[in-house]
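Look at the two complexes coming up: chain A is in both, with chain B in one and chain C in the other.
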Partner chain A sequence: MSVAKPLPHDAARLHVTGQARYVDDIPTAAGALHLAFGCSKVAHGTLQSLDLAAVRAAPGVVDVLTAADLPFANDVSPSAHDEPLLATDSVHYVGQPLFCVIATSHLAARRAAGLGTAKIEPLPPIFDVETALAQNSRFEDGPRIYERGQANTALETAPIRLSGQMEIGGQEHFYLESQAALAVPGEDGDVLVHSSTQHPTEIQHKVAEALGVPMHAVRVETRRMGGGFGGKESQGNALAVACAIAAMRTGRPCKMRYDRDDDMVITGKRHDFRITYDVGFDATGVITALDVRHDTRCGWAQDLSLPVADRAMLHADNAYFIPNMRVESHRLKTNMQSATAFRGFGGPQGMLGMERIVDHVAGHLGLDPMAVRERNFYATGAAAPPQSTHYGQEVDDFILPGLIAQLKDSADYDARRAQVDAWNAEHDVLKKGIALTPVKFGISFTLTHLNQAGALVHVYQDGSIHLNHGGTEMGQGLFQKVAQVAADRFGVPMAAVKITATDTAKVPNTSATAASSGSDLNGMAVRIACDKIRNRMAAHLAELHQCNVAQIRFEDGYVITPAQSYTFAEAANLTYVGRVGLSATGFYKTPDIRWDRIKGEGRPFFYFAYGAAISEVVIDTLTGENRILRTDILHDAGASLNPALDKGQVEGGFVQGAGWLTMEELVWDDAGRLRTHAPSTYKIPAASDAPDIFNVALWDGENRADTIYKSKAVGEPPFMLGMSAFFALSHAVSACGPDYPDLQAPATPEEVLASIARAKGV
Partner chain B sequence: MSNKMHIKMNVNGEEQEFLAEPRELLIHTLRERLDITGPHIGCETSHCGACTVTIDGKSVKSCTMFVAQANGKDVTTIEGLGGPDDLHVLQSAFKEHHGLQCGFCTPGMITRASKLLEENPNPTEEEVRFGMAGNICRCTGYQNIVKSILAAASELQAAKEAAE
Partner chain C sequence: MYNFEFVQPGSVADAASAMAGEDAQALGGGQTLLPTMKQRLASPATLVSLTGIADMKGVSAADGVLTIGGATTHATVASEAAGSFPGLAGLASHIGDPAVRNRGTIGGSLANNDPAACYPAAALGTGATIVTNTREIAADDYFQGMFSTALDEGEIITSVRLPIPQASNYQKFVQPASRFALVGVFVAKYADGVRVAVTGASEEGVHRWTAAEEALSANFSASAIEGLSVAADGMINDLHGTGAYRAHLVGVMTKRAVAAAS
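== the complex of A and B ==
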């Protein structure tokens, strides 16, 4: 059986030899043109004029587009139609595309783009939370509020009450392959777009709007991305639309890839958050009331900020039952890049806020934060009926206590925590810290209608199988996991299944490969398509052999009837000759979910994915430098479709999450310019930054929900395991003095030094 | 054009000869002129390592080397290490030990690793981590990359001992 095997990534052989093609590797016909944007240097203002004479005169320039040249919709927004491809009368951030150069080479286009000048009458920009609030600069009319119980009343009667605030920085995706698109003009106004996107259907939709053609005239193909992480859910729209317009205008293939600096300056990042809290609890650490406020800077356009901020609210409890809980969320409009989807989609920020509250409560009471965590977990076991979240979803699959017990045991947590404390008592300059943090992450798109997927499967008369579905491959191994499902349904070896590029002409109306839902949705759709064909083959053979359909088995490359065994190829050919269709579509929608995002009530998630991590760190109290010494993880991927690929998601997610919270810092200057716009100034983890000892295991248990082979989504949840490194740092700093360290994220060396001073009360 | 320079270089065992502006970057020469697209463009500032190639026995980030600087040299890219039906030990190890996810950093990563194992045929895990720190991967968390390189190192060592 192919399912549950640790098979390598489907394209591993191509990747290790450099033969795997990304958009920029696709051979283009002679005469292909290259695009580059000329961008605003002003954060907010009125665009009065553009002087593009020098741009047009530059070597290699074929044409220059401004907003006035766009024939139809000038919009690349995934949501609110508030994101022009090229600025019209106003500009909203440093980096906003103003014009588009079409030239004979990538470098010619970029050089020419630098020659344009824009006359912009500056307007006062809005950068910080205070100014945005003062000017009521926000998306939606006011804050969203989700509440259960009476938080404010319960706070007043709580035995102990604490308040605090935490800043959480954003994060650059830094997919290794920058955004890229290639548009090839076809006949009769058709266009083929190759796009490095997580959302081919949206690319198709936006290109069609921009060209003024029906969606059927636009075909989008995505074989793979060089990383996505949410950054290619909506941010590829601009490149694809620009290329399509340029291709229709010039009649030539047009390609655009962002230079890394351009990519970092133009595209959106993870939302930064300010978390403000007022928490009530008793002397044992049991939390009875919580009022928490989220202020997030969404940047200039709405993009996906509303569902991101919603998901932050939905994870503001993390793994804890808080009887009286109120969450208030402000989505602020600022003159910066439009913050967008990034692995976890707001969940990490909401969850980090809750873990910070737990850490603060424990610090106040002088307890191990783990004790406070355990006292507030959702109920579990036969004796305790499931409790509900603050948005009314029953937590009926809560496996964390058992999972954490196993992890604490395998990592020897209790003894090591005591050793760390003893070590700190004897060392002045270096201090160690250790922390265990849990993750409970809701699986499903909160926009319920997105929870659907389609597949297209063909069996050819030689028994080879063509597999296609709406999911996209960005390195997560989705294509391989889904192919394992297909091979299993037909009982054939993996080599019989051909994995093919995501293509809007094969499967229409797909959702983005996002929300960790790729395998859950597409795996099911493929299973349904395969089973339709298998059932037809079985019915035909049953008729030929006058046996019962149930007696026919598909195993080990054979189709076995009571009378005779056929190779799968023979059975396929017999079915074909019998004039039975060997092609089928599959369609799946997630059951049992409903959600009212205004009221904040319902069951938005089909199930929860769980995990926990223990990290041990050391800090240098003189410099603030820090290292992760050891990390142990136990993560719940249900009955994994491919444990090797899933473990890879866990390891990569942890390191990316730890990077977010310890070293990745975005800095904008007073003029709104992003100063960390290249890897020279923006530090992402290298091999030498990963933990010295790194033990990762998958929890042995199947999903209680009826998912594909009882597996669980695994793309985003492990990202939040990185919190353990952050709270280990908080523990290390708290060894420096009596006060709560009040550590802010990211915990860069500068921030660690500042928090040491706070702990010492100086 | 008078400002073009006569360039000769050996790329993956094949002599190449052409006229190019001296300031043309080697990564563009490889990808656009010679259609060698294994080395990728990740950051264009020498930080990410996706464009790593080997020049006269040294690991080089080809995005910040002028083609003029590579004149007369031997250049090896991932394509020169082994093809899909003829994998180098490191290539097999990265495949079998899941040393990749999106694959974009992989050619540069393996090319760098091949030099690392020449510089230090029997590295410790820490030496691998520091020796590979100039190549960034955003997907894997490096665990399987390090595992792949260590596995290849012991395989190469075993083969060497068997030969002796």
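== the complex of A and C ==
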């Protein structure tokens, strides 16, 4: 069995020896050219003219493109056709590409780009939520509203009522490999694009549109990304399209990679949110009514903001059954980078809002927030019929009570909470906090048609196997997990399976590797393709040996018939000589999902993934400095395909989530310039910021839904485990005074200090 | 980066004459200057490297004064001052990262006078003497606001003389991304009184906190400055922190430094 084994990442050796090839490492033919964008320095205005004389005259410059030079479509948006590659008559944010330099080196292109000047007649920009609302600057006509029950009437009759507001900051993806693309012109108008993208098919589609050619003329290949996190779902389009256009224009290979500063200034980030709530509950903490409002700044273009904001609404309940619940979501158009997909895709923001409400209710009642959580969990167990979410999906796989009981036990939660309280009673300057937060995360793309995948598998006559599917590798280990599936289907060792780059010419019409769905979708497609070939091999051997197909086993590198064992290679060769095809495609679509995003009703998710984390922190009440002392996690990956890789996802997800909520802070100035555009100003967690004691375990259970080997998706859900660090900080601050700390995110030291003052009521 | 000439004289005299050339600039460890040149914000015609001048390197203690050559690296100070002046060695050992500490020099740091740099706090906090190829400048006269000093064109810091305190300590609240000081406070206790110098916080650059000096001179304990506070006016207000937060941190860091002083 190759599945369920904790095998290392297939490219681990290449990663650590520097041999793993990323787009910028691909050797190019002589004469390759390099691209850089010249960008707007104004947040909003009318573009009157561009003076590019100095750019054209700069050393190494071969050509300079403006919108007028583009041959066909000038659009790099994923769907709404509102994102020109190069600005035409108006500019919408500081960093918007205005022109594109083609030069003999990366540096020459970048330097020349700095020499262009744009005449822009400024228009009043919109940056903040208030201004956007006042000017009705938004995507879609009005807010989306999902409601179950009668939140407003139930609020009026609720025994206790509280309201509050929380600001949640955005987040830079900070993939180690910045955005990159390389386009190689082919014959007869064809082009090959290497792109650091989570979505090769979209790159193919956008390049085809931009060149005015059918999709068959464009081939996109992606071997791996150096991190994606959602930031390479749509944000790679601009580079790939620019390279393809430049390659066709010059007849030379064209490459573009964003310098880190350019990457941070040009590309979209996680959506920031303001959550405003009005909650009704009783004295025991049972929540009866909730009216919650989301205001999110989407930036200048629509990008993926609608599904992101939808997913925030779909996670506004997190793990709690709230009989009367109303969620109102405003997607605001602002003059900033266009916010985009980021691990969790809005889910974390929605969920954090709910956890904040629970924390506030508990603070008000003087209860352990964990008690309030438990009182509001979805029903579970044989006795209780499943309850539905506010969008009408039955929660029929709710395992959190059991999972949390196990976690509390292994981490000694109850005793440690008492110890923290006792410690706090004796210490004035330092205060500790501890919190347990649950995660319930819906798995599937909410845009139902995206839940499909394809695979292509060849068995060669020597028994070696070529594996290809539509998923992309960004370090998460998808390729290895899927290869484990293939090896298992054929009963061969891992070395027999060759993992190959994602390629639109091999598997067409793929979805982005996103929504945590990579292994679920592509694993299934590969299984189907492998089984087709295996069944053909078995049928052929059964005929040779006059036995039953069911009697033939594929095990340990052998194909075993009742009469004789063959090595897999011998069996493959026999099948080949018998003139039986050894290549197959596989296609999979997720069953049992339907969703009406306007009504907010349906069963958008195939299943839920669960997890819980306990974090203990300490704060310095004089400065607000803080550290995570210990974190214990129990996460549900179903029957894990690869526990080593899945644990890696859980650890990384937690650290990234905690970083989002405690240290990563995006700052724009009054002119709309992003001031945090490099690691010297924007702090992501380092290895030393991970908790000193970090116990991560996987829940021992299988997925109830029929997924690949009963595993569960694990890409995004653990990100939200980082919430435990935030609420542990809230707990620590609450030890400083009688009032609710009202902690805002990110909880930087300065914010923690401010919330200490709020807790003290000063 | 633009083209430039590179010279590496072996003596202060040769360096001084090389500095007399047009658009010549001193090069210490290059930790500030080279990035600036790469961004084309500086374009010296000639770089005069000071790291080949043996006279400008090393740490020595005599008669209650620690003398550090102007081209001595942070790493050397961290190790060699550890016995004689632990407060200073501690400061040097937390500048940047190992690469920065093995290249960056005290002369470069003081000449640059970055408002978030560490050494200016030690120089001002000890009442050091900045020795150049032409004169000696008291620290109180040397620092003249952000990135600005009493140095003349072409003047070279050959050494720095720091009176060794009875007890001292430097506390740095790091800006977490760059690890420069969001606020840094150097406290030094001498027989005739206490000096407190603050870096990172003020729009005026490094400065002394005289109210705290008086209180601590009377009673060298953290409680002595309990009632004191620093006004937020004139404090740096930027993406890393508000002026009010910095003002608050000055008090906390000073108390920490007093408590930790040895």
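As a convention for this text, the second predicted complex is superposed on the first by the 762 of 762 C-alpha atoms of A that agree within 3 Å, B and C clash if a C-alpha of one lies under 4 Å from a C-alpha of the other, contacts with A are read in each partner's own complex, and residues count from 1 in each chain.
Assume a residue touches a chain if its C-beta (ideal position, glycine included) is under 8 Å from a C-beta of that chain, and two chains touch if they have at least 3 such contacts.
Everything numeric in this text was worked out from a predicted model, so none of it was measured.
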| chain A superposed: clash or fit between chain B and chain C? | fit
| query | Once the shared chain is lined up, is A:T623 touching chain B (first), chain C (second), both, or neither of them? | reply | second
| When the two structures are overlaid on chain A, which partner does A:V667 contact: first (chain B), second (chain C), both, or neither? | second
| query | Looking at the overlay, what does A:S90 touch: chain B (first), chain C (second), both, or neither? | reply | neither
| said: With both complexes superposed on chain A, which partner does A:L753 reach: first (chain B), second (chain C), both or neither? | reply: second
| task | Name the contact category of A:T676: first (chain B only), second (chain C only), both, or neither. | result | second
| Per-residue contact with chain A, leading partner among chain C and chain B | B
| request: Have a look at where A:A20 lands relative to chain B and chain C in the superposition and call it first, second, both or neither. | output: first
| request: Determine the nearest approach in Å between the Cα atoms of chain B and those of chain C after overlaying the two structures. | output: 5
| Which chain A residues lie in the overlap of the chain B contact set and the chain C contact set? | 679-680
| remark: Given the complex, residues on chain B that touch chain A span 28, 31-32, 35-45, 47-48, 50, 77-79, 81-84, 87, 90-92, 94-96, 98, 100-107, 110, 126, 128-130, 132-146
| said: Residue numbers of chain A touching chain C in their complex, please. | reply: 622-623, 625, 663, 665, 667, 669, 675-676, 679-683, 750, 753
| message | Could you list, by residue number, the parts of chain A that touch chain B in their complex? | response | 6, 8-9, 11-22, 24-25, 27, 105, 107, 173-178, 224-229, 257, 259-261, 474-477, 644-645, 647-648, 651-656, 678-680, 684-688, 690, 692, 694, 696
| query | Once bound in the complex, which stretches of chain C touch chain A? | reply | 173, 176-178, 239-242, 245, 248-249, 252
